[in-house]
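Just so it is clear, A, B, C and D label the chains in written order, and each chain counts residues from 1 on its own.
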Amino acid sequence: MKYSYFPGCSLKGLGRAYEESLLPVMKHLGVDLQELDDWNCCGATAYMSVDEAKACVLASRNLALAERDGNHPILAPCSACYLVLNKTKHYLHQYPKMKATVDRALNAVGMKCEKDVPVRHPLDVLINDIGLDAIKMKVTKPLQGLKVAPYYGCQIVRPYATFDDQANPTTMDRLLEALGATVIRWPLKTKCCGGSLTGTIPEAGIRMVYILLNEAKKRGADCLATVCPLCQFNLDGYHSAVRRQYGDVLLPTVYFSQLMGLAFGLPDRDLALNRAAIPFRWRPSSPPPAPAKPPAAKSVAA
Amino acid sequence: MTKDWKPRIVAFFCNWCTYTAADLAGVSRLKYASNVRVIRLMCSGRVDPQFILEALTHGADGVLIGGCHPFDCHYVEGNYKMLRRFQLLKRLLADMGIEDQRVRLEWISAAEGDKVKRVINDLTQQIQALGPLGFPSKVADWDREMTELEHHVTATAAGVCACGESEMAAAKPEVAHV
Amino acid sequence: MNSNREELRIGFYVCHCGHNIAATVDCAEVARYVGTLPHVALSREYKYMCSDPGQELIQQDIREHKLNRVVVASCSPLLHEHTFRGATEAGGLNPFYFHMVNIREHNSWVHTDRKEATEKAKALAQAAIERVAHHKALEVKRVKIHADVLVVGGGIAGIHAAMTMANAGKKVYLVEREPTIGGHMAKFDKTFPTLDCAACILTPKMSEVGNHPNITLWTYSEVTKVDGYVGNYKVTVKHKPRYIVEDACVGCMECIDACVYKTPKFEDEFNEGLGKRKPVFIPFPQATPQVVIIDPETCLNLKTGKCKKTCVEACADRMAIDFTQQETFDEIEVGTMIVATGFKTFDAKRVPAYGYGVYPNVYTALEVERLVNASGPTGGEVITRDGRHPKSIGIIHCVGSRDKKTNVWCSRVCCMYSMKLALLLKEHTGAEIYNFYIDIRTPGKGYEEFYNKLLDEGVHFIRGRVGEVTDWAMTPEEEGKLTIRVEDTLAGYVRRIPVDMVVLATGLEPQQDAQDVRRLFNLSCGGEGWFLERHPKLAPVSTFTDGIFIAGGCQGPRDIPDTVAQAGAAAAECLALIDKGYVEQEPNTAFVLAEECSGCKSCIPLCPYTAIAFDESSKVAVINEALCKGCGTCVASCPSGSIVQNLFEDDEVFSEIKGVLAYD
Amino acid sequence: MNITRTIKYEADRVKGFGDEVMKVPGCEKLKDCIQCGTCSGVCPLSVYMDYTPRQVMELTRFDFKKEVLSSKTIWLCASCYACTCECPREIRITDIMYELKQRAIHEGVYPRKFPIPVLAQEFEKMVTANGRISEMPLVMKLFMKTDPLGAMGNWQMGLDLMKTGRFSLASEKINNREQLAKMFAAAEEKA
């Protein structure tokens, strides 16, 4: 099966480790990803706050591009992109006025958005298209003994996803178990990471980061696994701010795709593990990996 | 079609489900289009296809039949029998050039007052868009054509061309040569 | 039928119904228009046609103006057709020379444009005028009513209805699918707002039912088939095997003691799974009948055939245990029925945010009823699943009620039972109790006073629908507890409140198999699955099937007093029918015009009541009037048009069609 | 003692404001609110809000435009959609928050130097011009506009980013920017 890969701005910027690990993993599974040609920003939450109609126009250009380039399902790894593209589809369906605006914009440049291209998340594709059995077959270095707290964050399960349960999603749990990891059950797996508030209102944002890290750690997690570049950035990048406010809660946060790569035995250099501020190291049969050292400026591992 | 033309729709509702649902719509003060005139029957199974044709020939622009949901018929399966009859009737109507949307069968239970409203509004809108059926004038047209046809056949057979009707003969040569 | 040949003299009346019709329909104009139609001898408008003077008017006009047909344009015929037929008859005419036009439910109440509504009323009236010309004089048929009654469901509604009728001397069959009667009420500890002990007021009634000479009690049984019609129903009842000969068992329970399972091992349904039972058990001490039951899913002998059968030994020569028992069936005849099949409680797992099934200390209200009950699994000691004596308890209202994602309705009883449980829990534990509510609803005698009492007792009320229940601690006081996160909407703050125990006030829902039951008894259901009453105000226990009544929680959420009142009402409706002795049947049956019937037999398989037979001697179809119920299906499908339905003759319907369309 | 009048007169309402909001796609169901507070109960950010989400719903419905548009609440919403998913009346609270944010920006009533609306606007500008976001330049711009000194406090993070190869000041752009501009122009016609 072929997919139109929609990386979104983050996967080319702060979240590049996500792309750098996801692409080799998907390739390893034989998934054909073709990056959508000349895609644009999905609009994200910030754009919605300024102009909803234009945000829909922005998102629909991507849908139209995918339609033009073979109408393959869009694979959107970033939670915000996934949400916004799906939301736009819902809105176009539900509100004829919005559809008219979007059609006017697309018409002006000779494009169309009519074919209802599916927008899918990698977790959805991995579980439902590829299947856990096929994934298990590829596992050569099971993550035996690694205790992972799966963290879904908000926007992939709410409110438009249909591939998993809103209140208690389990796709990543099942995936991690297939990789051989031990999954930590915890009640915060769909709680918000603070989004952009970490930067804009640190007091509020940092608290949310702290709550997540602290609870995962309390429940014995070795690391958090995430599906979203913003979640990863917040949970990984604000350790020093957390320490200043609440004390040290060191816990690495990795993309699920990085864990998949490890279990598949892909070389470390293909998994961009060195892109995190809090280094994550995992060697099978070694004692549970703890962050090597506090992430002081002097000691950041490259 | 005049601008303020309003469709006229005849409805046949079964006593137990749909008629009661329409009563419920009333008790609930739901508002819907006033174009439908309801005729009460005990069961949708009583709806004779002739009733529908009769309504269309007498100037109805659409017909609505309301019965209980499948398996809920007060008389076990009258609604199912209506459904079978309805399918056959639809083919006939199609042959007569009557648009599919003009005649509709709906299952509406006694509790579905809101569905009565929805269906009536929807059907009214649809038929408004289709325009008048004009069945009486259609029948008159057919009658006229047939009379003329007969006339021509007789005339041709007699080897006489009725003058004054040459206009028509010219307009419809294929008829003239039948 | 001679009046057909007479000159037609139709009297027409349009009713204002106060403002109900007159506000939207120009009644004067309708009366004026109808007065211009042929054969209309008289056309009037009147404020309330259904009033005594209104009816008197019809009678007087029939006499003075020699009317021979009457048409009234007013409300739904389902409401007042009977009234006006009566008036027509009282005026000296055959009642079926009357026809009714619905210009209220189908017109004034559903339209707003006065002109459009008036035009529609005129069209409908004209149709009736044309139709009534074809009406014929008909005779009402009387059908005798069988005096026996069936009550389905042995909860408090069924028990009360059965007792009422049995005490009036009627023979009653009470069918219950569980091994004992008692229903939900038997599980309650106390009842609000009086705090009567539920068992103390219920169990005497249960044993009365069990011992009543006029009641045949069939537990562990289900109705599987219903045939016939009002006055003459034939009902098939299935008895499920309980592997106990009911007549032989004396309820000594020695078999239970003797069972090879020395300790109770299986989930006890009666105690909501909080306790254990053996494969042979009695649901609760006061179960009626006092007869044990063997559960084939867990009984070693029934599952494997390999068991020492110590129970049989213990039963000894009473020989009440019979492992060979099979399903049996009874067929009974009854004239009337009461369906009182009750409700089920909402499955709290459907609201995942509240953690039911995830956190052991989250309970449903029904579980707590058993927990505080002296004969419950803990003997009335409130001790949580993880062995704690709670010091603080949160009760969350509206779980599975008033929520578009689950059920939109208010379940009516939860506010009151939550407060009852709050009081009982406070008495039992002395804990701090928090009620989380959206609105407190206390519409009942003594209910608001009960709420006041709770406030006096220091039970806390926080107005806010709970966001989540979680075991994730933010502060030291939350460690090891369940934390309820909620907006205290009256204070305007979001709060986190740690508690030891959470009680979910789950709402009421239609039974799982309500749709099947509905079809079995030919009832109607609302969209949500509650059985539908014939009229919400005026016929609240009647259904659209004559002779079948409904009572209790199967119709919608209600509390015990309302249920009992309704059961009494349903019983009274049955008694009224039985004591009258007969029902009058609408003469809308069909008959065959023998001279026109071609004998094609196509009608015969269409009749769901096998009312049509083929007469071999005359080679025509014949309809048995006693079996015909007047659906008209055979009429519509007769290729030669030789079947006629009274009240719905082709001419009558055709003229009605023409009539509604004649008016532009 | 400083006291303020808290009573609300009818003149304090901006009549029609609530109705206007309820006409916007996604916001229709606000009418159905029963003020149960579930939205606030599940909102992770309600901890810091001046009005709880429930109060914002009520204030909006009753036309208290000034109070709503100048509230911090609408800017604290992180769009996690928990309220929208849990609301028993199926009100799309997140969408209503978006609508209120748009109105606040449009009317310029948000708190001065308040970073979130500034971020939203800078974000919009950048996407409109380039079609994509360049994260670092966006963040730099934001700090320059709202809290120049605050940027210094985050030196540690900047260093982390540089060391992990994620600090890039390059400007991301789509090729067909002209096309996008045309689309926006067409969308605004008659709109």
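By our rule, a contact is a pair of C-beta atoms (placed from the backbone, for glycine too) under 8 Å apart; a residue touches a chain by one contact, two chains touch by 3 or more.
Keep in mind the model is a prediction, meaning the values are calculated, not measured.
S.K.: Compute the shortest path length in steps from subunit A to subunit B over the network of touching chains.
M.R.: The fewest steps needed to get from subunit A to subunit B is 2.
S.K.: Applying the document's contact definition, name the chain pair with more C-beta pairs in contact, A-D or A-C.
M.R.: It is A-D, judged by the count of C-beta pairs in contact.
S.K.: Compute the distance, rounded to whole Å, between the mean C-alpha positions of subunit B and subunit D.
M.R.: Chain centroid spacing, subunit B to subunit D, equals 55 Å.
S.K.: Report the inter-centroid distance (CA atoms only) between subunit A and subunit D in whole Å.
M.R.: From the centre of subunit A to the centre of subunit D is 23 Å.
S.K.: Averaging over Cα atoms per chain, report the distance between subunit A and subunit C in Å.
M.R.: 51
S.K.: Subunit B to subunit C: how many Å between their CA centres?
M.R.: Each chain reduced to its C-alpha mean, subunit B and subunit C end up 38 Å apart.
S.K.: At least two partner chains per residue is the criterion; list those residues in subunit C.
M.R.: In subunit C, residues 353 touch at least two other chains, as defined above.
S.K.: Residues of subunit D that touch two or more other chains: which are they?
M.R.: Residue numbers touching two or more other chains: 47.
S.K.: Are the chains arranged, by touching, as a line, ring, star, complete graph, or other?
M.R.: other
S.K.: Taking all chains into account, which pairs touch?
M.R.: Those chain pairs satisfying the definition are A-C, A-D, B-C, C-D.
S.K.: Residues of subunit A touching subunit C in their complex?
M.R.: My answer: residues 165, 167-168, 186-188, 211, 215.
S.K.: Could you please specify the touching residues of subunit C with respect to subunit D in the complex?
M.R.: Listed in rising order, the residues are 353, 402-405, 438-439, 463-468, 485-489, 492-494.
S.K.: Mind listing the subunit B positions that touch subunit C in their complex?
M.R.: Listed in rising order, the residues of subunit B that touch subunit C are 8, 10, 15-17, 19-20, 22-23, 25-27, 29-32, 34, 37-43, 45-51, 54-55, 58-60, 71-72, 74-78, 81-82, 85, 109-112, 117.
S.K.: Taking the complex as given, what residues does subunit C use to touch subunit A?
M.R.: The touching residues are 352-353, 470-472, 474.
S.K.: Contact residues on subunit D for subunit A in the complex?
M.R.: Interface residues on the subunit D side: 24-26, 44-45, 47-48, 76, 78-82, 84-85, 92, 94, 98-99, 101-102, 105, 115-117, 119-121, 123-124, 127-128, 131-136, 139, 142, 156-157, 159-161, 163-166, 168, 172, 174-176, 179-180, 182-191.
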